[in-house]
Amino acid sequence: MAKVLMKGNEAMALAAIKAGLDAFYGYPITPQNELPEYLSKQMPLHGRAFVQAESEVAAINMVYGAAGAGARVMTSSSSPGIALKQEGLTYIAGAELPAVIINVMRGGPGLGGIQPSQADYKQITRGGGNGDYYLYSLAPESLQEAVDLIKESFDIADYFRNPVMIAVDGLIGQMMEPVDFEREVPKWDLKPKTWAADGNRKNRKKNIINSLYLDPNDLENHNLKLKAKYDEMRDKHQRYEMINMENAEIVIVAFGSTSRISRTAIELLKEEGINCGIIRPITIYPFPQNAFNEIPESVKNILVVEMNLGQMVDDVKLHVQGRLPVHFYGRVGGIVPEAEEISDQVKKIVGGTYE
Amino acid sequence: MAKVLMKGNEAMALAAIKAGLDAFYGYPITPQNELPEYLSKQMPLHGRAFVQAESEVAAINMVYGAAGAGARVMTSSSSPGIALKQEGLTYIAGAELPAVIINVMRGGPGLGGIQPSQADYKQITRGGGNGDYYLYSLAPESLQEAVDLIKESFDIADYFRNPVMIAVDGLIGQMMEPVDFEREVPKWDLKPKTWAADGNRKNRKKNIINSLYLDPNDLENHNLKLKAKYDEMRDKHQRYEMINMENAEIVIVAFGSTSRISRTAIELLKEEGINCGIIRPITIYPFPQNAFNEIPESVKNILVVEMNLGQMVDDVKLHVQGRLPVHFYGRVGGIVPEAEEISDQVKKIVGGTYE
Amino acid sequence: MAKGRIIIDIDRCKGCALCISYCPVNILELDLTTTNERGYTPLMTNDKEKCIGCGFCAIMCPDSVITVEKFIKEAK
Amino acid sequence: MAKGRIIIDIDRCKGCALCISYCPVNILELDLTTTNERGYTPLMTNDKEKCIGCGFCAIMCPDSVITVEKFIKEAK
Amino acid sequence: MINEKTIIAGFGGQGVMLMGQLLSFAATEKDINTLWFPSYGPETRGGTANCSVTISDEHVNSPVISTPDTIIIMNKPSLAKFQPKLKVNGICLVNSSLVKDEEYRDDIRVYEVDANNIAKELGNLKVANMVMLGAYLALTKVFTEDEVLGILKKKFTGSKAKLIEINKYALEAGRKAVL
Amino acid sequence: MINEKTIIAGFGGQGVMLMGQLLSFAATEKDINTLWFPSYGPETRGGTANCSVTISDEHVNSPVISTPDTIIIMNKPSLAKFQPKLKVNGICLVNSSLVKDEEYRDDIRVYEVDANNIAKELGNLKVANMVMLGAYLALTKVFTEDEVLGILKKKFTGSKAKLIEINKYALEAGRKAVL
Amino acid sequence: MSNVKTVYKKSEGLSDFHLSYCPGCTHGVIHKLVAESLVELDLLDRTIGISSVGCSALNYDFFSCDMQQAAHGRAPAVATGIKRVKKDAIIFTYQGDGDLASIGIAEAIHAAARGENITIVFVNNAIYGMTGGQMAPTTLPGQITTTSQNGRDPETQGLPLKISELMATIPGATYVERVSVHDPKHVFKAKKALKKAFEIQRDKKGFSLIEFISTCPVNWGMTPKGAVDWAVDNLIPYYPLGVYKDKTEGIE
Amino acid sequence: MSNVKTVYKKSEGLSDFHLSYCPGCTHGVIHKLVAESLVELDLLDRTIGISSVGCSALNYDFFSCDMQQAAHGRAPAVATGIKRVKKDAIIFTYQGDGDLASIGIAEAIHAAARGENITIVFVNNAIYGMTGGQMAPTTLPGQITTTSQNGRDPETQGLPLKISELMATIPGATYVERVSVHDPKHVFKAKKALKKAFEIQRDKKGFSLIEFISTCPVNWGMTPKGAVDWAVDNLIPYYPLGVYKDKTEGIE
């Protein structure tokens, strides 16, 4: 099919519809408004549910409800709105429900700003809610990838019975690129949702959706069951891309928009005879630690590039384990780094003038 | 002065009053209810403010308000309630306001259970809200320490103009121990709160309390200013205790109640001729990385013990940097490990039978 | 002869005594001589014959402890 | 002679034309020949003599652009 | 040197928490280290509850008592739960009004006190816990009855002051039941 | 081979976003890679805005354009902001109705178009952006006017269809202004 | 001899679990009414109940229909989320006064404003039962709770919210009634109201809320019967029983 | 000759910042009234204003008193937090209909229920202005917004909330009035209401809320004057002006 030029937010919305979205519940916040706006029009046309909730808190709890009833359901928001959803998210994870959450990140903390940012890395990968849980979190770098991953994310959520977070920055939400909506994406092997409390009890026992376990033994077992899922994610479902690694003397680690800008940076560096690779985490949780085992001997330095103050650095260091020096370059507050800034940084490191 | 036997929650409440608490805003949640209950009676007697807010969200925003007006203010809650406060917390950090938050942790995720837990380590140390910010986070292991740290925490919050989190588990909230309330605690060098928007504008320019910076350059500068504070915390204000390190062959890393139980475990081990040390983080943010430079040569293994599924392990690994094997033992869901479980674990590691 | 009777599911009873206040013929009391499996002093009737099967006790019991049956005269 | 006058803080004006509708003597319009420092077409009066100093324009202006003065006959 | 670890367990409403707290208050009064901590069953209402009390000249470390020196058992489920943990030669003090015909380990010292009936005879079923506490004090000698009564006098003021007397009798009756 | 990076900047309301989008739509139509992205000033309302458009046969990497091949400048502040970034020998296309008497670098190619007045003459000040776009197409030859008009025809349907003609004239007028 | 007719027995709408409530707590009576209503209207198989956070948090075990446990105060949002994808299911929330009137007032009002076709069972016992007896928005002036130890002081703690009155003003709400379960007669009336609410939902006529005046003997410090009497003497005068809104009967 | 008397000039209560609102947006008029009222009552120096999240988020720069910016919907909680520690300060919140009626309805209701001695300036423009024109709880049935592109459909999107009417039912509220700024006469009336609210607060008589019918020319897609006229023709009939509650005058 021909490619369609669409705004990121609208493309993500359409991708969800293509994935069989039954219901969308959200609350307006810049820079993701085109997403609910698009769905407010399209969902009713498809006979599906759209509700502009009274708040992010209500929206995520509507998601929890619909997910418990077995529906494919999504919400979207941006950074402070995601902060408000933390209790809801830990509930969804605790009750083992599938749902997709899109976070179009903006600058923080607090009200912050409305320009692109990646400053929710901690909020996303460490879980801002209480308890031992994680969100399977995908960070696409282009609209095509965003669309493909969103289409797949509903399967992933159903497979793990766990919320999936799509983490993009405002740049991806606002930009336009041609997208092929019909591209095949992996289909996961899904079981029917016999666990759903869907009000259709005629031929089965009642179903209960719940995250409360007053008996500590039960809660411990429940936690261990959840842990097994997170272990499976880590062991089998890391995603990443290794770019230009052959003979690289330095490797950039960057996700989302910053990885894309880094692609331009390594072109610039190539012109100057510097071989720079990129490890691009596609899952930011589980963090793609395997990638770090594949780093070739030639590499002497790692540079983490983010639109935040270095939130991913710890994860990189954890898996580099002191084998290589890990440097950081970041811009914050809505400032998007240019390729030249990144390549300059690489040159400093390679040339040894980096402090 | 004579020691007073009090329930942890009440002792923490009284400590805050002793520190000059002007206002408490909170919402009931088990297992910390005695704290607001105590203050509901005591604060009015001292002519200070107590409001049972309509929700955790309202409570933290009341805290934000009073802190902006220059008051010493506190809230307390437990895990899911803290999840609800995340937006408020990132606002307080973003607007650079001092406030004290007590989290009496219970099992999660979601509604979880009401028994003791340390499963909010990520939520506390990584910030559940959006943006690049941190809470200075203290994890006392006894009531005396809780009282001393709370008394000091208001100074710390004022000094950094940053929220301080007191992280205890339900055990500390519920237990009784004799406490000396008059013990001297360090006094910090504090400047008058000339920045406060306190409605007393006669002889000065207007004051503004705010976390919104629409211009990305301004927001970047603001973020860098915040970062300088976090760097200062890390460089100068780590707190920890090193216990029985001399000739230790293995070191337990544990905070709060688990460190206390580990103290008994090392006594048991001593009886069997095993020398086991403890690194006890008192600040969990900033993580006391310096402690790991002081580990003696004799140590061959590290065992992290938590009432969660290993949330602090990454921090330990980051600072052990592969020099020593890092093991983990944890109980979750409200189960408090016994000293014997911990000592058994140590023995397995020391004996090499640990998988 | 009794017009009705009640059947008490003793182990569900919490001995709250609420039902007792609503019996129009005052035949209910707690059996202080025993405790049920969950430690409560359960309900008993002290004069079965007086029961009119009105159901008030059962309606007011929060724990669905009481079943009430009414004897219906056969039309002969 | 004019009973009053208005002073327009041209650079604050956003050219919204709201004030114009409320002038009872219809002497306000936008000055289409110019733009102010922020790119807006600002307000102007086209017949100063008619101003009665009623203040309606100023009251309705969202941006506090207009100062209104009234001339008061001296009691002589 | 004191180092006494006690677990007190029973139904909610039997006053087990208060028994433990009184011991901790008595310790604090004498400037002895102590730690009390409660534990409730998973039932929201009713169900069983217990508390752990450590009284020691040394600093108290683990609040959790793995191997109690003494257990005070106020109902059946509590016996099942705590008897296995009792240290060898430890004291197992049982409210035999509610816990009857049980099997006991033979390496422990079991004392049965018909606490409910003793309390009823004293005129208030609620003081069964104080009967047990009296027995406990008599057996362990951690504190004197007067020391505990002193605490009660501080707690029970105003309209509650009249309760002190019956509590005194209860402590005595408990002592007599085991000596 | 096409690889054209353009930044279009002006006041909100001058239609800079649409200009850029039209280019990206035209590229998509021809299956050429493209990326459009908007950037708004810190002012909530009013103020300046710009968009970056990359059109390329190759995969587009960085959405951010550090060194544009062409800049279209619709107001003064935008010139100050983007002139320094323009590549050596790049095209600087200026709406001279609003941007007058400025200093220009001497290593770039400056084209001035009196777009507002041309648009007013055409009967609608709003098509000033299309005048500029006509000039841009004439200078860069990235697309033909017809290709752009084809996009407009798809977008302007129904009541808006009548706007197509004036847009066509505007494109032409822009071309004539620079050739 | 005579035939035997069962006048009353435990409803099929309830599971075999023992209720977790304190002895004599009228939460249990309200549970029976919900269960009986659903059974008598033959709606049980297609019902999804939403447990909230309060003493009734565990009632997902007590009803024999599908159940989902909601975060504190959010049950109406959860109900909305479900109802929009399961239009034929019967959805009720079961919420206390802390849950609905305090933390969850926004979700309740907005569910009503949207005219969600759901039923809220609102249990007003003028206190936070579960957490040990703190003040609720519906605690009476002067009432003693653990956070109003000298009695609720309207000066600093405000005046109680009257939820039925408030919800009746929401244009989207269809049916709002306040009932009580303090004697068999009122239990009957309460059940009638509840059945009407479920019928309105079944017939897709919109949002209903039934407020139950309930007791908390433990935290009020009373016997169960004493608590019922206190409710009659104190709560009902402040919270008058009756229909506050019934669009199906033109009562607005 | 004649003397010159200044009939109108920019209030001292406003700073020199240019307001960030779109041309002709009546947010600006309301700002003037707040500033003028505080100056005329000589309260400015002890006032703390709470900016909320909406087009007015930046108004901490516009008023010349102390200001604090609050999270979306939470301004009444922030105000409460401050007022309880600064009893003599005059506290107002400035909130839009998205902010107060949607995400923040709980905080508004509970501040009123507690009888907090604060003043809420509530700006109802029937839309989310700041975020580009989404439906608000006060959007009229049939009104087109970016999330009700075929007009608000009461079937799925519910009926508008009437905030003054709702707040008037809260027992703790002292004074609630709805005003408009569509012509000089109404501007005068609005200012009178606002001054009364601040006087009530100054005299420690409790909670007041003044609802302003306002415009959003940009998102309504109208000229500023067209928007004012639309408000008169459509909003005011749905949201009648007047005093909804005034405990000081016995109007309840």
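Think of it as A, B, C, D, E, F, G and H in the order they're written, each chain with its own count starting at 1.
The definition used in the following text is that a residue touches a chain if its C-beta (ideal position, glycine included) is under 8 Å from a C-beta of that chain, and two chains touch if they have at least 3 such contacts.
It should be emphasised that the depicted structure is a prediction, and the values quoted were computed from it without experimental measurement.
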{"item": "Neighbouring chains shared between chain D and chain E, ordered by label", "value": "none"}
{"item": "Pair joined by the larger number of C-beta contacts - A-F, A-G", "value": "A-G"}
{"item": "CA centroid of chain F to CA centroid of chain H, Å", "value": "41"}
{"item": "Euclidean distance of C-alpha centroids - chain A vs chain E, Å", "value": "55"}
{"item": "Whole-Å gap between the CA centroids of chain C and chain D", "value": "86"}
{"item": "Multi-chain contact residues (two or more partners), chain E", "value": "42-44, 46"}
{"item": "Chain D, residues touching no fewer than two other chains", "value": "14, 38"}
{"item": "Two or more partner chains touched - positions in chain H", "value": "21-22, 57-58, 69, 71, 102-103, 105-106, 110, 114, 130, 137, 156-157"}
{"item": "Contact footprint of chain B on chain F as seen in their complex", "value": "42-44"}
{"item": "Partner chain B, residues of chain H touching it in the complex", "value": "15, 44-48, 50-51, 57-58, 60-61, 64-71, 74, 77-82, 84-86, 88-91, 106-107, 110, 114"}
{"item": "Complex contacts: residues of chain B adjacent to chain G", "value": "27-30, 33, 36-37, 40-41, 44, 51-52, 54-56, 80, 110-111"}
{"item": "In the complex with chain E, residue positions of chain A that touch it", "value": "214-216, 218"}
{"item": "Contacting residues of chain G [partner chain E, same complex]", "value": "20-23, 55, 57-58, 130, 218"}
